[in-house]
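Some structures are shown below for you to check.
You will see chain A twice below: alongside chain B first, and alongside chain C after that.
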Partner chain A sequence: MSPVPLFVAIPLGAAFLIPMLGIWWKKSGEVLAALSTVILAVMAILSIGSTAVTHHMGGWAPPVGIALVSDGLTVLLLIAVNVVAFLCILFSLKYMTAYSGLPKYYSLFMLMVAGMNGVVVSGDLFNLYVFLEIASIASYALVAFGTEADELEAGFKYLVLGSVASVMILFAIGTVYAVTGTLNMADAAREISLRFSGAGAMNPALLLAAAMFLMGFSLKAALVPFHAWLPDAHPSAPAPISAMLSGVVIKSLGVYAICRVFFHVFGFDPNVTSSVILANSMIWLAVLSIIIGGLVAVGQWDYKRLLAYSSIGQVGYVILGLGVGARVLATGGPRSLAALAILGGLFHLLNHAAFKSLLFLSSGAIQHATGTRDMKQMGGLRDKMPITSATTNLAALSISGVPPFSGFWSKLIILIAVVKAEHYVVAGIAIVMAFVTLVYYVKVQREIIFGSVRGAVEKAKEVPAAMYVPLIILAIVCVGFGLLYPVFGYRILEPARDALLNGAEYVKLVLG
Partner chain B sequence: MTVYFLCAVLLTMGLYCLVAKKNIVKKVIGLVIMDYAVNLYLIIVGYKKGGVAPVIERGMNSSMLERFVDPLPQALVLTSIVIGLGVLALMVAMCIRIYERHGTFDMSQISKLRG
Partner chain C sequence: MKGLSLIVKTISDFVVAFIIIFGAYIVLYGHLTPGGGFAGGVIIASAFILLMLAHGREVAFSKLGERAAHILDSAGALAFLLIGWAGVVGGYFFMNVFGRGEQFRLLSSGMILPANIAIAFKVASSLFLVFSALAIFRRRSFRSMIEGELR
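Right, the complex of A and B next:
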């Protein structure tokens, strides 16, 4: 039996069992969540290099039945989601003891993981929507988990904007169904390419659906101008949840869904006039996110808010790589160039999952030790918390693109692709904003890590091992992805790139 | 065509309510209107004038099959209503908590975070 359904079944089962057992057994959340995330992370890592498979739910073959699909892109996201989820649970074991209602926390956490894994493996548009809602509802509740004034306000804001996004996505799914008569992504893709590739232009209804999809998924991915909820929601959540939200939620619900729907269902076909418009709008969203996310981050003094704005900018780089790849495909340019751009985007996605979750976890460790997130009240953390400081430093160097860490290579690949595609202005902006990224992480280092011990740091002590072990593991990943790409990185990234490049392969895989 | 237009009007009304109203309970109502507009849209997609329920019975000929309505959008709407109910419950619960903390439903008085 293929292991694909287990990626949804295990966390969903854990989410169901935890609150039930929690009535009699106080530790049910910790034990079950840790156990199931370990299993999921191991399963995800073992699936590297496996052949693409389709699982027919209930034995009904698509397009009638619902299919779960696992191809290269799915495996990439499964690894990011499940490894980060495991490390966040590990961090939670100690960090979350300050909160009450822990079985509920772990149950919601597992529900969120189940939703994300479901989005990633789903081969059916409506199924994707249902899992998207499961993950979203769980994350709304988790953002407001502290139930303090700020957390509730941020949670409500996230809830309202997230629901608008869901409504738009459902509307678009209905439109795709009305035009193609199917909800299966591969079948819809085949139908769209058969009907519109020859006609040269897309049906206006499908264009509306594409616009709605782009808006909905951009809201979930927090691309500018749909980003307003993120800088409130991510800092307000408990640190492990911030790490999950910034590290993987915006990617699996936003970026992955954009990839799957636009590259596979709509397709970037040089014979269809509207595909250039789609690719261009992706580039525009990316450039806006890079500029605004980066510039606003410089002025922040709340450490977690700074990280949240930085997430907006970095997701912009991911979308930039994918968008340039899409544009090359849509204009009929060389496929090797599109491959390079897409590879850069996906590489940055994976790297960002590692270093941004590390940064958010370290912000949790710092808040745990000093009781503040205000950078003006910190300084000289290096002397008091050497491990947290060292790992934070590594992640900051990596995200700001200092060689030889992972962030440098992925940004370099994206920039080379953008220049080769002759978008010189965009490339210029991306280079300048890469320096701005460096500026605000230098600010983090100067205000928090280096300098003389002052303010809230004076009484700080290094956090316990349960909290710094996840930080060390993520720091190793940050360095490892940079240096060891030729050894094992390509085994994750190249199948994902090929899956995105060849939409026809996906159709063949699902429909046989 | 008019039906689709009216459906879009309903969606826009919900969006307007969500954006323009200060009271968070009214925002919730706006969101519910949007949700229902999309449910209505899905139903319209599957609607067929003079259609019959898609149940195959003994002795039916192929001309009857032509008159079947599309059952899939109805199944989607059922699922979507259930999801909408879940979101609504969470929203109302959050509104109650916000009222407990702030003593008001007015967003302009609650708002401290800058976005």
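Right, the complex of A and C next:
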């Protein structure tokens, strides 16, 4: 039996065991969550380079039965989700002791991981929706976990907007089902390509479904203009949850779902006129996110809020790479160029998972030590908290695209692809906004890390090892992704890129 | 007097047992007739909710304690997951490896019946807990509300 269902079964089992055992055994959450996430992380890393497989639930072959699919793109996301989840649990062990109701926290955390893994391995649109809801509902509760007024407000805002997105997605799935008569993604893809390739225009009902998918998943991915929940939700959540939300939730529920649905189910076929519209709207959303996320981040003085706006901008870069790749495919351009753009987008996705979760965890460490998130009350952290400052510094350099760190290479690949695809204005905006990214991370360095010790920092001490070890691991990953691309790139990123490029392969993999 | 009027209390005491029996029937015959774990679980939960509406929180919690409901809630979900795991024997998650039995008998169709029972426990206890969480706030008299606002 393939290990694919275990990615859902293990966290789900842990999520239900923790509250039950938590009645008698107070440490059940810590022990079981750490144990299951370490197993998941090891399983995800071991699945690197594995051949693409399909698991038929209950022995029923698709399109009748439910299939779990693991291809290159799935493996990429599984690694990001499970490794970041493990490090966040490691960080939580010490950080979350300030909160009460910990079995509930770990139970919700494992439910969120189960939901994300489920979204990533699901081969079926309706199961994708169900797992998306599991992950979203767990994250609504986790955002409000502190139950202060701000946190409840942010959680409620996220709940309302997230539910709007879910309704849109469900409606789109219903429309796809009405047109194609199937919920299996590979079967729907085959049906759509059989009926509409070469026909010039797609069924208007499918176009409506595509628009609603784009809106729903963009809201989950927090692309501008659907980003309103994110700048409240990310700062209000406990730091490990902010790291999960920004590092992997918006990617697995938003970016991954966009990739899977648009590249595989709808397909970017040069013979279908509407696929250019789809690709263009992805680029538009990406450019808007890059501009607005970047410019608003400059003006923030709340450290976590700055990071939240920065997430919007960086996810914009991810979608820009994917959107340009999609446009090249849709206009019948060279496949090698599309491959380059998609590779850049996926590389930035992986890098952003590493450095943004590092930045949010370090913001948690700083808040733990100084008791504030206000950058005006900080300064000179380098002297008081050397390890946290060094890792924060490294992540800031990496995200703002300073060579030789990982963010530089992924942004470089995206920019080369955008220029080669002859979108000069977009490329210009992306370059200028990359400098703006540097501007607000220089602001972070100046206000928090360097300078003289002032304000709340005077009484700060370095956080305990349980909190800085995850920071160090993530910092090593940030440097490693930059320098060791030739070592791991062809094993993690290139299978994911090939999976996205060859929609026909996916259909063959699932339907046999 | 706590809860609703004597008439409501008497009638609800009388029907609660029947509602639970009907719910159990819907659960147990879910694989043969319309219904199943979710529908039956909702019906069973509605019996406890009726108790809570008629008599107040304390009486309902004396029948099904909050802690017991929490345990049943997780145990139902775990049992469902374990049924899924049992299918691994046959090579696939959720494979129906149990004996299928004779068609249209109560003990037939393999794992569907135990899965329905597990779901019923999960749904009944979760809905009861959701309702008890909604009923956590106590009613203040109108007068004290006005006074609170004036203050």
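In the analysis below, the second predicted complex is superposed on the first by the 512 of 512 C-alpha atoms of A that agree within 3 Å, B and C clash if a C-alpha of one lies under 4 Å from a C-alpha of the other, contacts with A are read in each partner's own complex, and residues count from 1 in each chain.
The working rule: a contact is a pair of C-beta atoms (placed from the backbone, for glycine too) under 8 Å apart; a residue touches a chain by one contact, two chains touch by 3 or more.
In this text the structure is predicted, and so the values were computed from the model without any measurement.
K.L.:
Following the superposition defined at the top, how do chain B and chain C come out on chain A, clash or fit?
P.N.:
fit
K.L.:
Would you please give the vertex angle at the Cα centre of chain A, with arms pointing to the Cα centres of chain B and chain C, as a multiple of 10°?
P.N.:
40
K.L.:
When the two structures are overlaid on chain A, which partner does A:Leu183 contact: first (chain B), second (chain C), both, or neither?
P.N.:
In the superposition, A:Leu183 contacts chain B only.
K.L.:
Given the touch rule stated above, what does A:Val425 touch, chain B (first), chain C (second), both, or neither?
P.N.:
The answer is neither, since A:Val425 touches no partner chain.
K.L.:
Report for A:Pro19: first if it touches chain B alone, second if chain C alone, otherwise both or neither.
P.N.:
second
K.L.:
Once the shared chain is lined up, is A:Lys157 touching chain B (first), chain C (second), both, or neither of them?
P.N.:
Touch partner of A:Lys157: chain B, not chain C.
K.L.:
So in the superposed three-chain picture, is A:Val487 touching just chain B, just chain C, both, or none of them (first/second/both/neither)?
P.N.:
The answer is neither, since A:Val487 touches no partner chain.
K.L.:
Applying the touch criterion given at the start, work out whether A:Met57 contacts chain B, chain C, both or neither, answering first, second, both or neither.
P.N.:
second
K.L.:
For A:Ala98 in the superposed arrangement: first (chain B), second (chain C), both or neither?
P.N.:
The answer is neither, since A:Ala98 touches no partner chain.
K.L.:
If you stack the two complexes on chain A, which partner ends up touching A:Phe171: first (chain B), second (chain C), both, or neither?
P.N.:
first
K.L.:
Look across chain B and chain C in the superposition and give the shortest C-alpha distance you find, in Å.
P.N.:
Nearest C-alpha atoms of the two chains are 6 Å apart.
K.L.:
Once the two structures are fitted together, what part of chain A is touched by chain B and by chain C alike?
P.N.:
In the superposed arrangement, which is not itself an observed complex, chain A uses no residue for both chain B and chain C.
K.L.:
Provide the residue numbers of chain A that touch chain C in the complex, in ascending order.
P.N.:
1, 5, 9, 12-13, 16-17, 19-20, 23, 55-59
K.L.:
Using the touch definition from the top, list the residues of chain C that touch chain A in their complex.
P.N.:
67, 70-71, 73-75, 77-78, 81, 84-85, 87-88, 90-96
K.L.:
Which residues of chain B touch chain A once you look at their complex with the stated criterion?
P.N.:
11, 15, 18, 24, 27, 31, 34-35, 38, 41-42, 45, 72-73, 76, 79-80, 83, 86-87, 90-91, 94-95, 97-98, 101-102, 110-115
K.L.:
Would you mind writing out the residues of chain A in touch with chain B in their complex?
P.N.:
For this pair, the touching residues of chain A are 126, 130, 133, 137, 140-141, 144, 147-150, 152-157, 159-160, 163-164, 166-167, 170-171, 174, 177-178, 183, 228-229, 231-232, 236.
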